[in-house]
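You will see chain A twice below: alongside chain B first, and alongside chain C after that.
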Partner chain A sequence: METLYKKVNKAALLLAVAAGAALQSCSGIESSQANTAVASQADADAATKVYVAPGKHDELYSFMSGGFSGQVSVYGIPSGRQLKVIPVFSQNPENGYGYTEESKAMLNTSFGFVPWDDLHHPKLSRTDGMTDGRWLFVNANNTPRVARLDLKTFETAEIMEIPNSAGNHCSPYPTNDNEYVIAGTRFSVPINVEGKYEDVNFSEYKDKFKGSISFVKVDKKTGDMDLDFQVLVPGFDYDLANGGKGPSSDWVFFTTYNTEQASTLKEIGASQNDKDFLAAINWKLAAKYAREGKTHEMPAYYYHNKLDEKTHIATSEIKKKVRILLPEECPGLMYLIPVPKSPHGIDVDPSGEFMIVSGKLASIIPVHSFSNMLKTIEKKDFIGDVGGIPILRYESVLAGEVKEPGLGPLHTEFDGKGNAYTSMFVSSEVVKWKLKDFKVVDRIPVYYSVGHLVIPGGDTKKPYGKYLIAMNKITKDRYLPTGPELAHSAQLIDISGEKMKLLLDFPTIGEPHYAQAIEAGKIAPNSVKFYSLEENSHPQATKKESDTRVERKGNQVHVYMTAIRSHLTPDNIEGVNVGDEVYFHVTNLEQDWDVPHGFAIMGNNNAELLIMPGATQTLKWVPQKAGIVPMYCTDFCSALHQEMQGYIKVSPKGVKTPVAFSTGGKKPAA
Partner chain B sequence: MKIRNRKNKVSASGLSLGAMLLLAVMGLYSCTSGESEGTGAEAYAQDQPASTEAAAPETAAVADEGKGVGPVTTVEVGADIDAALAGTGKGLFEAKCSACHQLTDQKVVGPGLAGVTERRKPEWVMNMILNPEEMTKQDPTAKKLLAEHLTQMTNQNVNEQDARAILEYFRQNDKAI
Partner chain C sequence: MKTLHKLLLLAAAISLGLLFLFPMWKIYVQAPQYPEGLQMHIWVNKISGSTDYSLQNFNILNHYIGMEKIQPDSFQELTYMPYIVFFFMLTGALIALAGARRLVLPWVFLLMVAGAAGLADFYMWLHKFGTNLDPHAPIIIPGMTYIPPFIGSKQLLNFHALSLPGPGSIGIALAVVLGLAVFFLERRRKGASIKSAEKTLVL
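Up next is the complex of A and B:
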């Protein structure tokens, strides 16, 4: 009997051969059978190139979007070792994020508590057009939000809801000095500047539906975000964005689809026009118009949640206004550049001159020129307008086209050595081409259906052109089968030489979309090892064992508890009744790296706590049954970790057991 | 009161590579432990060892005359107790040490501390407070204590001045007995 294992291997071989044949037929370059065969296997020295000896560190951090897991995963490159999963828009039972009393507020939105999202694009903060390793910005596609992660602690520091957006896919894009993080809407929806509800029909799409581009200001020192203003844009779908650099630093570019403004069966409806648009917005000019008061103030309702560094408590603020700029009132603010239909990635090369737009359904990759764009604007070489926004002539802006690049171009990154690399979704390959003459020079198959690519710093002024990571949507036979659901794969490709060489593939979480990678030295030295107990200003912190206690306030019981290797104080608690709201405020007294303590209670309808050294976290528990209930530390902390446990006595409702607590022989007066 | 740091005392010449590495590690250690945020500003070395333990060479465990292994090589203690210093030490002890140690001879998590200043040299006591992980790996006395109590003494991020104050509090405790 043929095993499944053998079957998939055969299938892989067939697929690889088929892919090779497909490559040859559509490649514009000489590509021998032998070449393709080599390219489909890992480089002969691959193992040594990705081997990071025990105890040694990786060269780079890579931050990958967790897609529908709502998380960000951190991988070491080149080893592909997963180092951490950071919860952002999703509750995480592993560390209690979104479950603890301190962190719940992070997931507040105008729709209520939303404990999940679809996280697509991580973007690192920037200084002078280069990644600086301070923060990571990520988007929530479903319930429109932008989050900032602090790379000192690898924790989510802030989440802001985006009003007037219905699908925050085209997001978040930091400008070169992190002045703004910019977020565009995916689904256009009815928006009117008065902020009133209108009973709009789908047939009114063209008149009533609008998109918005949000300009989130970032505090230079703290990173704190603030929604400064929005630009109300035509009712298309805004897909991806990218900022200019060098000469084009003042501009940010957005790909659009559904310029047909269809509201139904968009698969067909949004593919009618031969060309969609690249929207170019002069963000500096927009900021100037906003400062000069060209904005309309519009009622809004959105949440802004922040984690306090010293108390480790998140709080929510509700904001009720937003300032709106209308392009028709702001000359020079916005232009539309035709691009082949259904574009995805817009990527600006390191020099800032070329804007590469990958049209998913296009047979060429257009390369637009920033300097041509300026000339076209100057000459008013327009072919029409959309609601007062000029449409530039395609041929006037174009620098050239990459011919027969492959099927389904999605996204382009750069190596800083004059080369561009474009992912081909349909033909499952990465194609290398020269920025000098737009000629394809190399291609490598990937497994399979590649989405985004990342080259560390590949979207900055100076890429780190040693590695490329392809993030693939389909895995099929690459790993041991795990039922119908398989891990998505990332593939590490060596781009240091003329030919691309496959080094490694490794599984990722959720559906990884974009990723960012950065030299380890920009982050590792600043990594926080523990929180100083002296600086812990959590109102329920207990900084020494002698201050531990249990207090009753009506039907609430507050336990002020400490944890240290290897005991909890107090570890015998009584005076709790069925139905009480019991709050365990647990402070980890350790001041040592990598010694968190966990805290869990039998039968709690919640999660656990994972308390970092020097921090305080609160777990809420409502006991439902009378009896003796165990509690314990979940994170193996010492040889006596298993002994790090205690009991809570729960009395039936109405039984007036006095509050009492103890640890060992020391019995404080109740 | 004089506290001298080992890294200031020895010259780099004639040291083995291992010892140089140890110095680098200790430099890191003193730097991080002195900072309240728990961040290290030192340049990140690509091929740095993964942990301080991994770099600690055999040569570090030279005969320490009962002074232990760590940043403290010489401590001068007065004939009398510095009451103010001991008072500071009391506060620190209660916040950082009392979860595991009693001042009597009763073992809790760690050993009871009555008589500790008679059993150990002052340098040893301070090194144990400042450098507990290296001590339990390299110092013969500390190794035995770990085997007996089986819980690694926690690094509570105490700085040298504070460790000196805690030592004074122990001395006061021992004189009172």
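Up next is the complex of A and C:
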């Protein structure tokens, strides 16, 4: 019976299709050809907009978080060409980051050496509310840390652990003049101001679990970070943050969820309240309270790792104290503003008046008003408090709501022309709406499940409103399939006109959560071409071939080696035994652009070195077998790169071969 | 000597000072992988380049074809040439101040000889570096030599080399031109005064 029904159905469908085709063939040829012509013209327009001719440079740099790759990737916009991948929280065998003796310390934490992290949010440094192209701040979500990348060298310059934090998701948010980079905890955990261990049960969440917001001071000249103080906040989850601008410059806003304070099955437990909160903190006032000594000193234990510019050596410093501010002791420091549940993005418009909160589970986008917020505070129009922190009345702060924006609003950026653009995770689209009347004016599908958006300078007071990049979580059929795991994709959208126009898809590495984009002219002219050999103050640097040598100290052997096109000095080494700890301190003597030398040893249980011109890097090797072991340059440096190689003679344990070394059959000459 | 002529000769002597401010000669090379180019600057007292490291980069490239390392210390000329320039500047100034008209032409002549000797020396160095190649060099192309152009351009393997006098050389040229001008102007003035003297005699 059922099969018969199916057959009839199928037949009917076939008939319908045939009829449709017949109808089309009669009347539709011309119009379908015309459609194709229009479509190909649109494609050609898009192609010319993203076409950067060979040898020409892109208009913008885009810095994308690598998400679970622990790296930052750099793309040229509008071409979508990948320019570089910068390792930050993850070891990178490609250049030895986290493997060389110099860089290992960068990944030290209070938990020991952590070779990986989940990097979510890049934020460019700012001067007067605008990106200045000096540094990029990024967060480690898993093992709480904040890193600073130097955009002269595109290297990680500094990594600081954040104590009293568990999941550093709500991070890092620089204020308008980089006074502070602000980092909030994702998970609340028991925090004891005396710094003692307490045996806490999950059931004690409401009483014992706390969140923390860290205020990291940034040195105006060097960019060096220092944890100035932390504010201990109610035990919610803190998701994202953003600083105010113009009139709201003194404030920073945080989205929270799990205001229910559930400790288990949070997908249900943290979704019970109809409203969660937007937390507003007056950071200027917080800094003032901290200066005035309102802080409690708390024992702590966290790592601060810095790369020295002259030696290229990273060193770790352990810090043992942190200053804590308690909001209940600091009136006017913090307020809570209700927002639809489980909000994600909090974005402040270029004028600094509107705080747009995107709630993934909400059907509207609430737009709060900063001036209303101040009035509400002044009138004390509170509906309650959480541990002494006033909760403002939703309706009093609200400026308006964007109705029917789409499903799953996540994050909003601005074009500086009065428009806001919100990503819709669930309905896979970007929605454009007016800040004037909160009306939706345009929408464009994205492929698929878009997370964050970025407009160059879209989080500053003057956006560069020409392009928007949507970062998608799901790619499926957009590219050639590559097995179960597919590249995440970014989509470049033209926002210069009334209607948004899709220009380009390009694959990205890891999972870009957020990105920043900046005019190329703010970075390119300062890009370092090579390091000065003269200024290299690495203690094991070898600046002349005549100074190369091999020295034994107990079971350690130190090789002071140089690399220059196209030979290693020394390239014949003997006097090494199985089980020795051999350290190759290799200095690249080149003083020219784009001439790194690589260095690798057969069977080394380690990565390679990639030594920039003028720098010194150290590779550790513990030979496992006796014999002749080759070593070579791994980066194709010149026509005789293949010849840039040598041998090490490894003698069995206990065999006393005297240390000897040479190049070209003789000891290295002057 | 007329005051104006004395000043002109003084200017000639001083213009030689350009040799200490600018290179005498510049050699530019360009290759596909060196779009930004490399420059070698030859001064009266040193050899340098467009960057602090140009010389090192020239030497790195040159070692593949077995060219001898260019080391400024090995050029004796660079130590004594500045004194020769000082000598011409000093004597030029003294001749101008003393108004020693008869010494102007010998000064100019000597300067021209010195300049020519400098050029000849430069040419010989180019020839020596370009032909005296290490027989064990990695790249040997039978019959190929690498003499950079003395003046003008030349293709050397993948490198396009261009050689031109630098602003320092203008100092010498200026000194010669001014010196000669003073000599001729003075000669005409002298000729004119003799003629006018003859005239008075006739009258």
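As a convention for this text, the second predicted complex is superposed on the first by the 621 of 670 C-alpha atoms of A that agree within 3 Å, B and C clash if a C-alpha of one lies under 4 Å from a C-alpha of the other, contacts with A are read in each partner's own complex, and residues count from 1 in each chain.
Methods note: contacts are C-beta pairs under 8 Å (C-beta built on N, C-alpha and C of every residue); 3 or more make two chains touch, one makes a residue touch a chain.
A quick note: this is a predicted structure, and the numbers were derived from the prediction, not measured.
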Give one word, clash or fit, describing how chain B and chain C relate on chain A after superposing.
-> clash
Once the structures are superposed on A, label A:N572 by its partner contacts, choosing first (chain B), second (chain C), both or neither.
-> neither
Would you check which partner chain A:Q82 touches, where first means chain B only, second means chain C only, and both and neither mean what they say?
-> neither
Kindly classify A:E590 by the partners it touches after superposition: chain B alone (first), chain C alone (second), both, or neither?
-> both
Contact breadth on chain A, by residue count: chain C or chain B | B
Of the partners chain B and chain C, which touch A:I564 in the superposed model: first, second, both, neither?
-> both
Now for A:L640: first (chain B), second (chain C), both, or neither, which partner does it touch?
-> both
Should A:S316 be classified as contacting the first partner (chain B), the second (chain C), both, or neither?
-> neither
Given the superposition on chain A, at which of 1-9, 109-117, 127-135 or 181-189 does chain C overlap chain B?
-> 127-135
Chain A residues contacted in one complex by chain B, in the other by chain C | 564-566, 590-593, 638-640
Provide the residue numbers of chain A that touch chain B in the complex, in ascending order.
-> 54-57, 59, 152, 520-521, 524-535, 543-546, 562, 564-567, 569, 589-593, 595, 614, 638-640, 664
Residue set of chain B touching chain A in the complex reads 32, 36-44, 46-51, 54, 94-96, 98-100, 108-109, 150-152, 154-157
Inside the complex, what are the residues of chain A that reach chain C?
-> 564-566, 590-593, 638-640, 643
For chain C, which residues are in contact with chain A within the complex?
-> 36, 52-53, 56-57, 60, 64, 138-139
